[in-house]
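Two complexes are shown next, each including subunit A; its partner changes from subunit B in the first to subunit C in the second.
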Partner chain A sequence: MEGALPADAKTCAESGTESGPRGPGCSLRHFACEQNLLSRPDGSASFLQGVAEKSRERLIRNTCEAVVLGTLHPRTSITVVLQVVSDAGSLLACCLNAACMALVDAGVPMRALFCGVTCALNSDGTLVLDPTAKQEKEARAVLTFALDSVERKLLMSTTKGLYSAAELQQCLAAAQAASQHVFRFYRESLQRRYSKS
Partner chain B sequence: LCTPAVGAAAESLPGDRARAARTVLDQVVLPGEELLLPEQEDAEGPGGPGERPLRLNAGTRSRGRVVCGPGLRRCGDRLLVTKCGRLRHKEPGGGSGGGVYWVDSQQKRYVPVKGDHVIGIVTAKSGDIFKVDVGGSEPASLSYLAFEGATKRNRPNVQIGDLIYGQFVVANKDMEPEMVCIDSCGRASGMGVIGQDGLLFKVTLGLIRKLLAPDCEILQEVGKLYPLEIVFGMNGRIWVKAKTIQQTLILANILEACEHMTADQRKQIFSRLAES
Partner chain C sequence: MLSNWSSREPFPWGEARPGPSLRQRRERTQELWNNAPHLILTQFLAIRTVEPLEYYRRFLKENCRPDGRELGEFRTTTVNIGSISTADGSALVKLGNTTVICGIKAEFAAPPTDAPDKGYVVPNVDLPPLCSSRFRSGPPGEEAQVASQFIADVIENSQIIQKEDLCISPGKLSWVLYCDIICLDYDGNILDACTFALLAALKNAQLPEVTINEETGLAEVNLKKKSYLNIRTHPVATSFAVFDDTLLIVDPTGEEEHLATGTLTVVMDEEGKLCCLHKPGGSGLTGAKLQDCMSRAVTRHKEVKKLMDEVIKSMKPK
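Then we have the complex of A and B:
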């Protein structure tokens, strides 16, 4: 149940309710709620806040948008479909790498390549690059960066957990150094592909 | 992978600096690389950037305009690579200009380019315009008057689902592509509705360019095998027709497989087919 509403209107229909911002100074987004969706459990509810787009997809989309030369293809949508075959940790970084390789394979014009690197910080302060799923779960903080190939600039970062500003810089520097390996692998992989023709 | 805490910023990496275009010819280039044109190489010499050393020898070619082809973009005074592929260069024929640089990429998706000859499928007829699917992001429009000998009274016999071989007269990123089936003199020169039967199949754009290159032997070998009619569209579509359906399918399979075969494997297959 959604729609455009004036500021303090409330509509109630069947089991769904909606509300807009409640008054001056309240900067909440539009939200919608529905109850009693499922018949088997004793109670159920669905609460929708803001735009219903999942975070991981938004991160990948923003990274791709920063790198793809969209001005060469106006009024065109580029759809990237990522399918997880197996998750052994560092999933978002792996998705970013796959998206970059797919865009190159499709011949979409880009201003640079990008790669994803994940970093995990343990409770004793050690830094682990490209952590496994187990290491991610036990870490104090997990940071994922997307870096571009031209000057190793930061395109996107997403972090979860507790860390200090100095640790953030250390993780970023380590990720930049690690991205060299990833870009070297891209180059070898693409050279192998073109050597067959 | 465990690394001790690294304090300083990442060091600058070798190979990040722009390379001269002519040193990278026929090598694989990646998006994001910058290439220097021959003029800029001189400027990087002694005297620092911005000062152009005076060349006294008369051996320099007249450096005219360098044309920036597919896969490259002008970025300041350098070329920025936007697609992955092999860098190619063609010397200017008439002596003017500095030649053309482009990136030879393997791509399946076609982007309409003015002047390209393509095979399209008619999807709709609306008023005086046919809508033709050419494999790009938009269907191209084809006027019914754009056929040889077509007048308002004498309309061409084009149905939905027909194959059309035509060329683009308008094809840029801002407008809907338009194609015609006549050349600038009003003659068909092979364009128009493609006949009945035959088989239309899709290949990569790189294979089409390879098959249409002047020195390609594949086509001559195929012609010696069976008599056939064949039409190549720059949008990755090939239409082929031989005497029997079986021969048509064999030819289609050979052409699709040509992409991955080496010359020797191809010759083996042709000789085996010629025997049977």
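Then we have the complex of A and C:
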């Protein structure tokens, strides 16, 4: 997809909602997304959420491989390059969201969209979704999940710290509820982009 | 001959039957190999090489696997500790064909500046070419790096050793435990075997007593007086492979891992707390399936703990 793009169709910056004070429930930080901001690659997206390494790469790669319909493009290599602009906590979740949006922007056929959600468990048992870097450091356990858009199934999970099986189910349920917001944001952002051009 | 076969029971995967026992399943598989006419045998072998997934599906429909195991059954686990005399602690774990050896070496080091009362535990997983043809010699490949990171996470999250116990003199001297885990034979489920080998080796490791001579400031090591490490928790890993997005099987072999659409590893300690839930992508799982995995992990923990206790008990008189 190396055609010449008109200069005005280049960027559409979208802003997400949920920018109020964050309570202990299901609120996520403010997020914004910009698509098609680089002219050379086939698709690109920048995902801003809130103000690695081989294992992180592997997690992101395996998640993408599970949703991308690779059989429609045999003998093709899809390279996803993620550049961290700034890290304010929940980095892996943000990377997953950016990867998903970039794949959509590139027009890669996928069987579902996916999103990343991070949960932090404090020592008193309270759950905080989408923690900041400080909250992550002070938490007893930090769990990152990748959920798919069709049935909210768990695609990928990586955890740090000690927690019980009941707490895991609680975090998973909270993450599934939070993923609704992220998928709604994807939908709105894409609708706005394609309705303009 | 063919007519003899058809006069007996229909093919095992022809119709559904209420749970045959493991012994019956094993006998049936054996019968097939012994009594099947060579026509059916060659068809069987052809399916195995040409369409391995189809071959596996036929067994999975019967709730068993080609090696005769049930879906929730582990391979025979054997552990041998203290076999390497040059290491401070060692353990050899065999999970079916998968063989992993862990050696612990303790050396001196200056403690980190931001934590002067802590020591270090440095794990390293090595998957050399001798264990499987998929690995080449040279720098560690991706799988070895991921396994090393996984073991480092398990040590960190489970607090298996209190790093303060490794400190000899705050700010000056502490122990660093190099845990080298080497795979000798790769047949799937490497993470479970590595975790078990690490745990067994740490339980077996003995550190000599060290005193700091006040006049010279040098450390004096008393090799005759050795003490065991204080192991606080016993993390045990249980790995699952996801087939066709729905079926979960425990302890996958190398071939099963290759055919699976996803894997999941759960590391649990004795209080039922999870140290690590490692699911590197692959097909999705619902919350209910996760709950089943947790319960299987709990039973596996009991099995492994029992085995460990037996082995430690047998070693004690030495």
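Here is the rule we go by: the second predicted complex is superposed on the first by the 144 of 197 C-alpha atoms of A that agree within 3 Å, B and C clash if a C-alpha of one lies under 4 Å from a C-alpha of the other, contacts with A are read in each partner's own complex, and residues count from 1 in each chain.
Keep this in mind: a residue touches a chain if its C-beta (ideal position, glycine included) is under 8 Å from a C-beta of that chain, and two chains touch if they have at least 3 such contacts.
Just so we're clear, the structure is a prediction, and the values are computed from it rather than from any experiment.
Upon superposition of the two complexes on subunit A, no clash is found between subunit B and subunit C, which fit side by side. In the superposition on chain A, contact of A:173 is made with both subunit B and subunit C. In the superposed model, A:91 lies in contact with neither subunit B nor subunit C.
Looking at the shared chain after the overlay, A:63 reaches subunit C, while subunit B stays out of its contact range. In the superposition on chain A, A:160 makes contact with subunit C only, not with subunit B.
In the superposed model, A:191 makes contact with subunit B only, not with subunit C.
Once the two structures are superposed, subunit B and subunit C can be ranked by residues of subunit A touched, with B on top. Of the two partner chains placed by the overlay, subunit B and subunit C both lie in contact with A:151. In the superposed pair of complexes, A:107 makes contact with subunit B only, with no contact to subunit C. Legend: residue contacts after superposition of the two complexes on their common chain; A:54 is shown touching subunit C, with no touch to subunit B. Minimum Cα-Cα distance between subunit B and subunit C in the superposed model: 7 Å. In the superposition on chain A, the residues of subunit A touched by subunit B in one structure and by subunit C in the other are 148, 151, 169, 173. Every residue of subunit A that touches subunit C in the complex is listed here, in rising order: 53-55, 58-59, 61-66, 143, 146-148, 151, 153-165, 168-169, 172-173.
Remark: subunit B residues 1-10, 13, 16, 28, 30-32, 71, 73, 80, 82-86, 105-109, 111, 137-138, 173-174, 206, 259-260 touch subunit A in the complex. If you check the complex, the residues on subunit C that touch subunit A are 142, 145-146, 149-150, 153, 156-159, 261-262, 269, 272-287, 290-291, 294. Within the complex formed with subunit B, the residues of subunit A that make contact are 69, 71-76, 104, 106-107, 109-113, 125-130, 148-152, 169-170, 173-174, 176-178, 180, 186-187, 190-191, 193-194, 196-197.
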